[in-house]
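Two complexes are shown next, each including chain A; its partner changes from chain B in the first to chain C in the second.
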Partner chain A sequence: MESWHGHLLKERVDQSSLLIQGNRACVLGALDAGVRFYAGYPITPSSEIMEAMAVELPRIGGVFVQMEDEIASICACIGASLTGEVAMTATSGPGFSLMQEALGYAIMVQAPLVVVDVMRSGPSTGRPTAPSQADVMQARWGTHGDHPAIVLAASNVADMYRLTMAAVRFALRFRTPVTLLADQVVGQMRESFSEELLGRYRLTSGDFDFTPGYLHPDLAREVHLPHVLGSGEYPHVTGLFHDETGFPTNDPEKTDKFLRELYNKVAHHRDELCLYDVKNEGRGRVCIVAYGSCARSARAAWRLADQEGLSVEVLHLYTLFPLPVEIVQKVARRVEFMIIPELNLGQYAHEVRKMAEQWTTVIGIGKTDGTLITPREILDRIAELVGKYESV
Partner chain B sequence: MGIITGAFLRAILDLGLTRENTVVVSGIGCSSRAAGYLNLNTVHTIHGRALPVATGIKMARPDFTVIVLTGDGDGAAIGGNHLIHSCRRNIDLTCILFNNQIYGMTGGQFSPTMDPGGNATTAPYGQLEPSFDLCRLAEAAGATFVARGTAAGVRQIEKIIKQGVQHPGFAFIEAVVPCPTEYGRRNKPAKAVDMLEEERKRSISVSKAAKLSPEELEGKIVTGVLFQDVERREFQSTYAETVARVKDAELARRLAEGAGE
Partner chain C sequence: MVDGTTPSPIGSDQAPTSTPSSAQWEGLLFGREYVEVRFGGSGGQGVILMGVILATAATLDHHRVVQTESYGPEARGGYSRSDVIISSEPVDYPELERAHLLVALSQLAASQYIGTLRNDGIFIYDLEKVVEPPVFKGITFAIPFTEMALEETGRTQTTNILALGAVTSITGLVSVESLRKAVTGRVPAGTEEINNRALIRGLGIDPAEWQNGGARAYGLPVDR
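Right, the complex of A and B next:
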């Protein structure tokens, strides 16, 4: 293990397992994936990411800057990204709102970067220390205009590690910002995290190409990219609609072509981008579709249901956007009910409904009191639906 | 604006900056469109945010000369927070702020540098608010090179830009420029040539201004290098020194650990 790991993982409890906080695991994943630039502004419950970056980046020759606000933070990341650096910032709801305009700029100029949003209750200041999943739609549609979005959701400490890595990979591969959603529980809890697991999740160097301006050959045909600053070419980078020269254009045909290419470079690669996990595949009348901390409750509900003689399927989504249309529809065809527990008033349930209502009944369980949804709450709802169960 | 852009280009040509290592970053507004007319590495960003983008570029690539072109709206209104913090950080950027007292691109609304009494579409009964003195703001916030020039004094501003780019730290240069299209049509004088002539008449050098009383300086545009401090620590190089120190300590720690085994 590289030297900086020792520092980050000082909460190590024995040789094979580590007790580590979600936010710290995120930093580990970022550094392993090659992030060497971090600009941020502290906000609960994400600040531990920034604090760990402040310690670790100088030790490995990276750049850490505390900026004056979240707008400046994401802008500094974009600046670094334009020079070919792998840049990241982390925030929570209010800060994520401030970043939205610049996020659109990053999409427009195809600057890869990772934004981690450790969600808290909102709107406004809300409850900074309570978990929430209410930024799902902000992550998809927060910035103005038609645009692609890649949004991942972490459900535990190991996810914070590996999905941060995946976020970096997707950002570099698709030359676009990637949002990783966590919530207060996932970000701030400590869990044991084995070194073996860490090794298994570590992506090989072949998964990354750090060449500045790199674009996967599959994508090179689809979109025009600006040159990297200092590459010897003299790019003009602009948030205005631009053509293949990089200079602004008002030509309707070129504008339309550019926007569609930008959109399709993500939409056409759903296969690669949609990460998910199916438990108890094809063995229940009910499927719990879950992400983030609610996926933990969903998995527990599945085990509990099993003990009580009911078979329940779980579709755990790690990628929320682009929409995992194929898998959701595949599962929808074989179950009577899809239950979506989430810590909001049904933001993702609405998306699932759009994808699945042709085949199944989609029911959301929304909770916004700042506490987690318990496995029992999910099970009770299932019992009610299936009519087979006595509530406990 | 073209006059200042020309002066800027002559200045960087004279300094012998290479195209490879020169990056021009701008925000949104008339001034910021200048970036699109230059055959350099140019980054046209979003409204008010040229300075933080430039900060990211400079921190990632300290070998680049990074110059920010901004305006009174972009740099002093929406981007005012970034301006004061860039000054405070004293990062090695050169910020040229085109001050024409008006929002030209959106059709003639007042900017925070418009003189009280001036007319704008959003100040139809005259500007009610006091205006910013951006050079005093920059100096107070910690900029280590603060200068002002005008479109009427093109040779002077060319020289100022050269000095600013060479200055090791945050260089703030206010370029007072006329906007006959949107400012002139609602104020006096109205025509471009008359506006330039007025600027020339009102301009006074720092050395001459030093001999005048505040009353005598009323309405004057004080030009030249108003403030310079080469002693104060520059941010990027301080960061680089810190990285070197932390890495040395890390190496020493690992060697000590190795020796102990």
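Right, the complex of A and C next:
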């Protein structure tokens, strides 16, 4: 694979396989997708992303800047984005909190960029080296105002590669920041990973247009865009409500129209944005709905259940926001229970409940002790719900 | 790992030549289809690197591998552990549930993680660091890794690589060739030679000599 970023091949163990860390796979995906600007501030458990970017970007003509904090980091990314660079930053909970205000600004000025949040236990400093999924609602509603959000969740090393690519694509296409959520386990784990497998992901992503550049042919069709530097028009960028000229406006009609367009440019494209995977489709009274590292527990639980004569369905969500309403409701109509294991106190279970409770019973399994949910814990809960499998 | 090739049971890519001094010894975990390994120690001992190297070697042997790590918030000291799952099938749940093998380089790791080890598991520890070995009824190896490393290379920093050699010799988890490649590829640049010496020393141990209190039988101080 000539085009491959050979610099990361320290991870290569022989001609055909890699043992690569999730955070490094994320860098690989970003570079392959055209990211050439990174500004960040290191924080466990995301630091390897920054480390690898610091080494690799200068080598391929990109720009890497270590900023004084996370606020400056995301602001530098917005600046780079406004000049046409594909920009990215990575952080963890505490840093993600600092980025929230500027994230709203990026949404308002429609600056495409990717923010990777490798989640750790919180609130506050919490447990830097323990996984959690407790930033889900922050990724959706962390910044103020009615805003669109695209949030993806990675469950393994391959996801870190391909979902980073997808995040770049979505950012460029919808002209908005995209958040990729990982957690300490996914970010810092290493998995064997073949080049052929990578090649396949590359082929898939080959359908996407990763051409770097500010103006993308398919961009955000429903909403007017700011004028671009060098376009001949006067570029004015502001976080205030603005009209087609880019200058502020207080016109009630214009502000309302702009906000709705901004929101709907994402909400109206769920079909394209919602990535998911269904295992054992239509063959069970129970569906485990999972994302991130819990999706791995869910898959293991499904296999374990299979051995024990119980059939469960698994809905693995790669896109958390916009809400995958269609698929969740489709599954909800055919199962009696939906179980949502997650490393928080039920943040996404609540979202699923909103979508599905009309048809099914939604039950969350929340764990916050800094360890993953085991397949057995999921199965035990299912056993409680459906009796000891007898009628399944 | 490439789809289409058949993943092989553990160690089977390579004849188990890992124990030069004991031709009959195949390795206690040789040929298994699924093995969970935990390396535990304190920050700075290179415990995570041990996991990474073992995982790299197993990948070279065409197994499916997941390596995870966990460490304290401190820069040095504190606890540190690295878990490796080696399987012939893709691994879903990435954390270990009941370890087949525990390698402890500190007292804390030994006491804390012994409970995660299966009753029929293998417990390998550094004789000098684990002063009060926890009660364990399975197979135990107490080996003075740190002392051996000092003797061999003059540097305690090579203890982890030496221990990894001994672990391979005892278990047959990965082929010697893959392990050597993995060590050379993963240790810090400039330390390949010294680490290789430590590795060879570790690979050269005779497992039978150290099994179940073997050290005691050899008159080495166990209870210090």
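The rule is simple: the second predicted complex is superposed on the first by the 366 of 392 C-alpha atoms of A that agree within 3 Å, B and C clash if a C-alpha of one lies under 4 Å from a C-alpha of the other, contacts with A are read in each partner's own complex, and residues count from 1 in each chain.
Operating definition for what follows: contacts are C-beta pairs under 8 Å (C-beta built on N, C-alpha and C of every residue); 3 or more make two chains touch, one makes a residue touch a chain.
Because the structure is predicted, anything quoted here is derived from the model rather than measured.
For the composite obtained by superposing both complexes on chain A, the positions of chain B and chain C are free of clash and fit together. By the document's definition of touching, neither partner reaches A:L345: not chain B, not chain C.
Once the two complexes are laid over each other on the shared chain, residue contacts for A:E101 go to chain B alone; chain C is not touched.
Between the Cα centres of chain B and chain C, as seen from that of chain A, there is an angle of 110°, stated in steps of 10.
Look at A:T83: by the touch rule set out above, it reaches chain B but stays clear of chain C.
Closest C-alpha contact of chain B with chain C, superposed model: 17 Å.
Judged by the document's definition of touching, no chain A residue lies at the interface with chain B and also at the interface with chain C. Interface of chain A with chain C (complex): residues 10, 13-14, 16-19, 44, 127-130, 156, 185, 188-197, 293, 296-297, 299-300, 303, 371-372, 374-376.
Taken in their complex, chain C has these residues touching chain A: 1-3, 52, 55-56, 58-60, 62-73, 91-95, 97, 181-182, 185.
If you check the complex, the residues on chain B that touch chain A are 19-21, 23, 25, 35-36, 39-46, 49, 51-61, 64, 81-82, 85, 239, 242-243, 246-247, 250, 254.
Per the touch definition, chain A reaches chain B in the complex via residues 3, 37, 39, 58-59, 61, 63, 65, 67-69, 71-73, 75-85, 87, 101-102, 105, 229-230, 232, 234-240, 247-248.
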